[in-house]
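So, here's a batch of structures to check.
Shared between the two complexes below is subunit A, which has subunit B as its partner in the first and subunit C in the second.
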Partner chain A sequence: MSLVLQGQVGRGEFSREVDVTVQHGEILAIVGANGSGKSTVLQTIAGIAALKSGRLSFDNVVWDEPITKIFTPAQDRHCGVVFQDLRLFPHLSLIANVAYGLRATGLSKQEAHARAAEELTLVGLDELADRKPGQVSGGERQRVALARALVLRPPVLLLDEPFASVDVSSRQGLRDLLPSLVQGYQGSVVLVSHDPEDVQALATNILAFG
Partner chain B sequence: MKQRFSPVVLAMAAIAVAFIALPILAILVRAPWSDAWDIVAQKTTRDALLVSLQTSVIAACIASIIGIPLSWVLARSSGRGISVLRTISIVPIVLPPVVGGIALLAAFGRRGVVGQYLYDWWGVSLPFTRTAVVMAQVFVALPFFVLAVEAAFRQNDRHLEEAAETLGASPLRVFLTVALPLARPAIIAGFALSWARSLGEFGASITFAGSFPSKTQTLPMAVYELVSVDYQLSLVLSLLMVAISVAVLVGLRDRWMSGDEQ
Partner chain C sequence: MESTDLKQREIVIRRGLADRIFRRAMATGAILSLSLLALIASFLLFRGFEVFRDFGFSFITSAKWDSGSADGVTPASFGIAAMLVGSVVTAIIAITVALPFAICVALFLEYYAPSFIRKPLTAVLDLVAAIPSVIYGIWGYTILNNLAAGWAKSLNSWFDWIWFFKVPAPIFTRSPFIAGLLLALMILPITTSVAREVYSQAPRDQIDAAYGLGGTKWGAIRSVVMPFGRSGLVGGAMLGLGRALGETVAVYLVLNLVFKINLQILASAGGNVASLIATRFSEATPYELKGLMAAGLVLFLVTLAVNATATLIVNRARNTA
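Our next item is the complex of A and B:
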């Protein structure tokens, strides 16, 4: 069944009814106007926002169900998230950013950095490994954010406007890169975008938010 | 455009600055510079300086170690209980230090609320020891640390902490690897402020620890005791403390004095 979200998402005053199902290996694109709650859906799946009502489950394990007070914290859901504003750790080098989640799983620094280095190579940034996020371009930061999420091989990958902070010239490169990165990837992907070209290039299914 | 001020405002501002600067300059003018080194090298002076440095550094370390978790809890909780906690934590800022000393005696004195058990059960007597000096310093300095660091934790980008959570980090790991490093400048500033406050502490420590040369007598206590006996010596010691204070402020200048955030 994979990822199933049925209910009301929202933060503060805002709320909207949502019915989303994403199978393994599927890339669902949610499109719609600003403020239609696309990002809130991703935050709810990731566990940094709570459902107002209804139920969120992954492979029949309930992650969030207000009526039964079930709520799995973000740290235990292991969703890979690429945030719209990236949220790279400014005080850590690129390789330490990518290794962050691996370290949290208990890997030694050496192992974590070795695997992070491989992932950085995949996104073409192996030579910038020791730079800080503030010392590289927007497109490079975007790749780091992707690598940081993908290195964990997350069962659920959430991409929030993954190319929003990238200039047009590097956008195409990333668009070409992403499918190769998620190739053979068996997880469920939810992509939020307002750019039809992104959606066209990546999505297997489309859901429109009014 | 450059701001224009009324002469009255400028004059009053000048009076305010002079009121603070003049006494400090007066120390520089009156200090017996030629004998300064001999005086500093005296045993009383060296002992007081040593006690001061030792106790104030330990106090600043303790204030940091217990102040960081407190600041974090205060910054990331809300509700009435937290407001009460915050108020309690900063009371020593407005409390007369000598009252702090009395309070410490009431709590940890040999017949104090806690002190009586320390003494009866383990034979531990805290007042009039060097430990008491440190306790008095932590009491007055901790609020300065908490004010500086809590503000920084509040300003931290919570989005980064959320990102860390999605990467599988436990609350403790988020705190240690994201929140703490991002607040590092404020923690350094808080350490320096609480250290400076500890170094200058007088009222609470002389009440709770007494002024025993080479045991509990700190520089400010030495200055106070010498002022009626040897004015020249007290001037030199004051000069020493002015130098240390100015050094702390200069060290913090970028962080504190510019008026904006990093």
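Our next item is the complex of A and C:
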């Protein structure tokens, strides 16, 4: 049972062949130079970008296969994504940001906010729940992005340079926090990072893109 | 450590001939348009000043418009309150009707329509904007008037417990409601066009983030696109409002001009400042003409204020994009 991506991702001169398999409970780190297609792999898995050729499947269910024209939209893949630039919704409070994905699954506002509040407590931001992303620090925003993805308990968790936008001191704190958050997590995790320390601290497997 | 002697250096920019010509041409055009606007305002003030002086603030607050008798026995009395209220009422009806349509059309064109539908539909919308208002007026008078009278009758029978849906007599044609509907159609292209522009600027990465968290397309539109475009949309609505306030011929043809403040939108009575000018202009006495110029100045200032506010709001929306 695993996430399997075999085929060509990206478009034009940025496309590349990839062969990625991530087992449940595994944290695969993809490392490589800028422009090597690391983030494109994550976007393809999330359903934000489409495969050029090949096949992407999760637990033997095909998510994307251009030849058979199968394409499962992003909202039906239930991935949790932490974007490199976070992409928090600036007009929503932190708690509403975290509850967003839960609301999308059909949970009532009350239930979604209750669960989001629990997740915010886990990342130590329960007291800032009503603030907007613009009113908190970079490190706090990063925690919200993590909470927003993790609260969904997604079968696939995609982390795109999850600590890229924070300073060195906050980075260490987050590096310590993340393993505790994903402890017991049974999904597949794909981590893209430039930082060897992130990879060393978190990954159970490493894939290098040339 | 030795201090470095920093000298202020003068920066000289040498522009080429073509650059200089272009710069001058643009500056001249800009100054000319502004001067023209100022000249129009000055002309209206100059011609209407006597009426402002004679009637003072009651020119705005009174609803009576009487050019007086030629022998001077009945003095002239000018007030544009009824027409100002009429302008605002028809414009508000227009924007209330047009805005939801504009939002739906803009969202459909930007996020749902395949390109083979998007292109012709956009062209049709632009074409609608190019139709002269007299054509709208004729269509409104001959077709919409009778058609919408039925809708007005239904509204009156269902909602006559709301005071502005009441009518003094069961005549439903040539009402502010019908004029408002016609104006709604006329301002739909500009409002849609602004809505499309602001919605198209919604950050793609945030839309992707919504998808990445399991959001549906409608969810992404509701939580990212619409909040993002809110203030731009208000600006677009106000641009439409500006046009609706100043519309002349279409309202003149559709609305039954009555010099009485009428807030009962289904009643066959109303008017707006522009249609007042169009109606009275040809037969006005020299003094009444001054009154019409004064009315023109008030309309000019109101429209200018609405448009300036709209521009400010749209610009703010762009800057925060």
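Rule of thumb we're sticking to: the second predicted complex is superposed on the first by the 207 of 210 C-alpha atoms of A that agree within 3 Å, B and C clash if a C-alpha of one lies under 4 Å from a C-alpha of the other, contacts with A are read in each partner's own complex, and residues count from 1 in each chain.
Quick note on the criterion: contacts are C-beta pairs under 8 Å (C-beta built on N, C-alpha and C of every residue); 3 or more make two chains touch, one makes a residue touch a chain.
Please read these numbers as outputs of a predicted model, since none were measured by experiment.
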Subunit B and subunit C placed together on subunit A: clash or fit? clash
Partner chain in contact with A:148 - subunit B first, subunit C second, else both or neither:
both
Request  = Examine A:81 and indicate which partner it touches, taking first as subunit B and second as subunit C; both and neither are also allowed.
outcome  = both
Would you sort A:100 into first (subunit B), second (subunit C), both or neither based on which partner it touches?
both
Query: Can A:157 be said to touch subunit B (first), subunit C (second), both, or neither?
result: neither
Practice item. Based on the superposed arrangement, let me know which partner A:181 touches: subunit B (first), subunit C (second), both, or neither? Key: neither
Looking at the overlay, does A:46 come into contact with subunit B only (first), subunit C only (second), both, or neither?
both
TODO: Could you say whether A:191 touches subunit B, subunit C, both of them, or neither, answering first, second, both or neither?
DONE: neither
Shared subunit A footprint, subunit B vs subunit C, residue numbers 46-48, 73-75, 78-81, 83, 85, 87, 89, 91, 100-101, 104-105, 148, 152
So, in the complex, the side of subunit A touching subunit B is made of residues 46-48, 73-81, 83, 85, 87, 89-91, 100-101, 104-105, 148, 152
Note: in the complex, subunit A contacts subunit C through residues 43, 46-48, 73-75, 78-81, 83, 85, 87-89, 91-92, 100-101, 103-105, 148-149, 152, 158
Within the complex, subunit A is touched by subunit C residues 205-206, 208-216, 219, 223-224, 227-228
In the complex, the residues of subunit B that touch subunit A are 157, 159-160, 162-170, 173, 177-178, 181-182
